[in-house]
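This structure is in structure tokens; I'll ask about it shortly.
Going in written order, the chains are labelled A, B, C, D and E, and every chain counts its residues from 1.
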Amino acid sequence: MINLLTSNFGAFLTAFGYTVLSSIIALIASLILGTLFAILQIVPSRIARGIARIYVEVFRNIPLLIIVMFFYLVGTRVIALDGFTAGTIGLSLYTSAFIAETVRAGINAVDIGQTEGARANGLSFSQTLRIIVLPQAYKIAIPSLGNQFINLVKNSSILAFVAGGDLMYTANNVAAATFDSFNSYIIVGIFYLIITLPLSYYMKYLEAKTKGLAKEDS
Amino acid sequence: MAEEKKDIMIQFQDVEKYYGSFHALKKVNLTIDRGETVVLIGPSGSGKSTLIRAINGLEPIQEGHLTVNGFDIHDPKTDINKIRKRVGMVFQHFNLYNNKSVLENVMLAPRIVNHIPEEENEKYALDLLDRVGLKDKAGSMPSMLSGGQKQRVAIARSLAMKPLALLFDEPTSALDPEMIGDVLRIIQEIANDSDLTSLIVTHEMNFARKVANRVIFMADGQILEDSKTEDFFNKPTSERAQQFVDQVLDH
Amino acid sequence: MAEEKKDIMIQFQDVEKYYGSFHALKKVNLTIDRGETVVLIGPSGSGKSTLIRAINGLEPIQEGHLTVNGFDIHDPKTDINKIRKRVGMVFQHFNLYNNKSVLENVMLAPRIVNHIPEEENEKYALDLLDRVGLKDKAGSMPSMLSGGQKQRVAIARSLAMKPLALLFDEPTSALDPEMIGDVLRIIQEIANDSDLTSLIVTHEMNFARKVANRVIFMADGQILEDSKTEDFFNKPTSERAQQFVDQVLDH
Amino acid sequence: MMIIAASIFDAFTPSNINYLLGGLGITIGVSIISVIASLVIGAFVGVIMYEKVPFLSRYVTIINDVIRNLPLLLIIFFIYFVLPRIGLYLPVFWATVIAMTVFESTMLAEIIRGGLLAVPAGQTEGARSVGMSNAQALMHIVLPQGIKKMIPPIISQLISLVKDTSLAVGIVLAEMTFRGQIVYAQNSNYTIPVFIALAIMYFILNFGLSLIAKWFDRRMAA
Amino acid sequence: RNARHVDTWERVQRLGAIRWGVKADTKLFGLMNTKSGEPEGFDVDIAKALTVQLSKQSGVPMRADFTVVTSNTRIQLLKNANIDGFIATATITPEREKIIDFSNSYFKAGQAILVKDGSGIKNVRSLNNSKSTILGVVGSNSVINIKKFAPKARVLALGDYGQAMAALKAGQGQALTTDNGILYGLATENPGYSVVGGTFTTEPYGVAYDNHQTAMVKQTNRALKAIIANGTYNRLIRKWFRGVPGLNWRSLER
């Protein structure tokens, strides 16, 4: 395993960089889109709610592989998208549907009293949402957003199918060239865990902390 | 509607309110003048919260007219935020903004709704916090306060909008018994401010007796009694009210 | 430890309890005899719940001896479930099993813990529900009950295990004022049952006066006062207790 | 766009459609078996993690955390390459089922642990205070209430599972996505129409599932 | 090490069937007929002919069963004992021979490139610059070989030839590289794309078995000779490669 790692270290490291980069870009994009579609789902316009629902349902119910393929093979006819870009776009849209659900649940979990307090105090709907509800909704949603992010990192392995240069793609190529599949996959597995495990433990820690606080509150 | 008599603050005229098929307010008629302090009592589920929330537009009504400070709330042309700016509300569970400091809780609405200059806003907010005895907590987050402190901040927050009327929905019933006194004392001070109209839902009968000009008793969505405070406590006219007062004072 | 004097039900000897680094019970000594009714009062955060939950093993203690019905709770060899079977607990928030009907709430523990035959179990459960005035709600789910009704079911549930002692942690402070009376009346009936030992945390001073043999006053994790009921209410010895009673009775 | 429109008619001959639908059958088959197996294992593991059994819970939790933090695609490849090393020679179908089960049961275990933790502490305390044992409190009180809270996340995890079967394309399981590739191998002009058809078929399958789940959820709530 | 493959020759006789791994995504060599659900192509027919001949040699009647493989999974399927051998456009290379066994070559291909007409690309050398992207398929040795011939170009490995062709059309790369036979198959259905520059490697295809299957390899070599001798081989060459534009099928005959 050490041999395989050292002889392909450059390749694995570059791949790790691509996986991290794609994940970060997709995280930011999907947070923005997800919040937008979460808000559209609670505004008093039926049309907006309908559009948001369709968006969320479509991207939640189609495999990421197919979404990514679509951008790689079809989207690129509109503007040129290489595998990395097409994969990251697909990843962002797919994840944003889940984040929209998470943020919406966070908004719903904010005590209705917060909204009533703000409205009774004279704040408008959008002021209440922006200044009072959303910040608290994000806070509530942190554990679940964290899990979405972990999923996103894992799902970035889909870039392998469109030659996105990521860890999984590199593992496949190294495995094919060296016939040492076993060790190639173990090595990239460890690379993935370097990102996901600390995150996952941090989420557990936050979860435990908020639970502890909730206890004292009541 | 704007030609209402100048000294009427809140007026219900044949107001009907439904939650789905549930009839929560039944032909409610009620007039509260400017500067009055009115206590609203009644058993659980009788519609006290519904009535008070309707005044602030938090619950829409289905029939009748509800005029607040000269504006008909039931009229779709009325901008409800205009009314809310001048009618404050204090909730049972305080509803402080959990994500803002005490001072920010008080300063937020004057800043973004009334566009008060920052300096003036802060000065007034600190004055109010001083008035409720919490100037030293200005920088704290709500989660660090006791229930009684939270409620006093909530009162300061309402006062910051310089309201014409204040609505209180069981302001002390979520508090530890030790904390209740302080909050009631502050409410009494505010109510005694002759300009301000106060409508208070409470189960604290001794307090009601001390502070109210009038007592209104509700049951099953109806106003059963509307009397001068002393008259009410000496001898409620309806049997239901008598029974209620007995039960609450009993233990 | 099993050689305790036969008439002692609960005994704290130099008990210390920590939550992490927070010292919640400080060198607590307290003896409660069989059949006594003791009321425990004190400001919020003073450790009343901690003390009462320790008796039932819901909170472990770190130092000292806590003997309940002859068993030392702090001894790892003690089977805590043996104690719990004979010591019931009534919580502020009822803690009825949300997934079981009223009757099932009462019957479950006797069935699966004491293996009471079904018929006998049901008969006794219905008797108890009758006693708390809720026989007609036997088939309802907890979510359909008012707070007062829930608490009465919780009391019946505790009684179904034929406890030697009952612990009450603010049994009425989550209730609407109208509901409080009924629950207190039932607790009083139970406490008057001379066999049963009761320890009651409450803020209802009139009730405490009527029902208790002794009043214990706690503050900051310590027992500051332990007196006959009349002595306590006539003139608490500590200033802190005096202050507390004044404040609670004030409004 | 013209090419796409024209090739839609060519691509979807009756035999090609049949062939794709056969893949749907395999997708559903893998899903159903993996769902059942991972629910059983996930429930078991979830309860072990919740109960804090000395040693056992700790190590089970670590293993669970490692597996659920890896990409499923990697697990599929890995299991596929590892099984023969431990003397297990399995058809691709069963290799996929095992990979899906290993991965999904860790995800479900986490959901189940969370669902149990979400039952208010008062419920356990109520049960313990009348002398019930830990196991009795779990079986009679906590689990029945926890299950209600777990159902929505479990359902969405199961929908993920159905979508994730598409990853088995990497190890030539003849499920729907792979068969799609076979269809467009006949003529590469079919590639785009096939992906569109796959998207529609997965959407119908999963959206249908989520509607059933919603209906089920409402019934449970009522 | 590989329990079920201890001796493939012994095993296929015992079971009366040979499970061949063949491709299902490669025109001319192995392509799924979705109507029958059976793969068809030169490799598939060779597998059938070899099965018949191997039956004769052993005196045991044997059936040919087919399992779909891809470039990336064929070796693993062999290792997993899902198949007894594969005939799947696989080049005999020294690296592969370390872990699997090959028969003598049954087909001589050579690596080439497929490009869009009018692209100006004449041969693999015109791709040797950093602006060029060359597409291929994971698990083929073509994506490894190409690095020697166009070391400056970017190489992207996709999952299968359908995707690679679609990617070429979508502009994800300037050329698609693999063996000439496979490229001609793709060119027939995609007017406007041509194989250019001729072959730049030799790719002798072999029948692959798991490691140390000397008996099976020996029998296969015998069978190969027999089907060449009895004319079956040339008949199959004619059947599959006559009329493929650009391909000189006569040169393939033996």
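Note that a residue touches a chain if its C-beta (ideal position, glycine included) is under 8 Å from a C-beta of that chain, and two chains touch if they have at least 3 such contacts.
The UniProt protein names, listed by chain, are A, D = Glutamate transport membrane-spanning protein; B, C = Glutamate transport ATP-binding protein.
On a predicted model such as this, the values are computed, not experimentally measured, just so you know.
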Note to self: Moving step by step between touching chains, how few steps can get you from chain C to chain E?
What the structure shows: 2
Next item on the list: Determine the groups of chains connected by touching when chain C is not counted.
Entry: one piece
Margin query: Suppose chain centres are the mean of their C-alpha atoms. Which chain sits farthest from chain C?
Written below: E
Check: Taking contacts as defined above, which has more of them, A-D or A-B?
Finding: A-D
Item checked: Most remote chain, CA-based centroid, reference being chain B -> E
Next item on the list: Could you tell me the distance, in whole angstrom, between the mean C-alpha positions of chain A and chain B?
Entry: 45
Note to self: From the mean C-alpha coordinate of chain C to that of chain D, what's the distance rounded to whole Å?
What the structure shows: 47
Note to self: Nearest whole angstrom, what separates the Cα centre of chain A from the Cα centre of chain E?
What the structure shows: 40
Item checked: Mean-CA-position distance for chain E and chain D (Å) -> 35
Note to self: Counting only residues that touch at least two other chains, what does the list for chain D look like?
What the structure shows: 81, 169, 191-192
Margin query: Which positions in chain A are in touch with at least two other chains?
Written below: 69, 73-74, 172, 181
Check: Using the touch rule from the top of the page, what residues of chain C touch 2 or more other chains?
Finding: none
Next item on the list: Give every touching pair of chains, nothing left out.
Entry: A-B, A-D, A-E, B-C, C-D, D-E
Checklist line | Partner chain C, residues of chain D touching it in the complex | finding: 120, 122-123, 125-133, 136, 140-141, 144-145
Margin query: Can you tell me which positions in chain D touch chain E when the two form their complex?
Written below: 13, 15-16, 18-19, 22, 80-81, 83-84, 87, 89-92, 95, 169-172, 174, 181-192
Notebook entry, point to check: In their complex, what parts of chain D are in touch with chain A?
Noted result: 65-66, 68-74, 77-78, 81-82, 85, 117, 121, 159, 163-164, 166-167, 169, 177, 191-192, 195-196, 198-199, 202-203, 205-207, 210
Item checked: chain D contact footprint on chain A (complex, rising order) -> 57-58, 60-67, 69-70, 73-74, 150, 154-158, 160, 168, 171-172, 175, 181-182, 185-186, 188-189, 192-193, 196-197, 200-201, 211, 215
Margin query: If we count contacts the way the header does, which residues on chain A are in touch with chain B in the complex?
Written below: 111, 113-114, 116-124, 127, 131-132, 135-136, 139, 213, 217
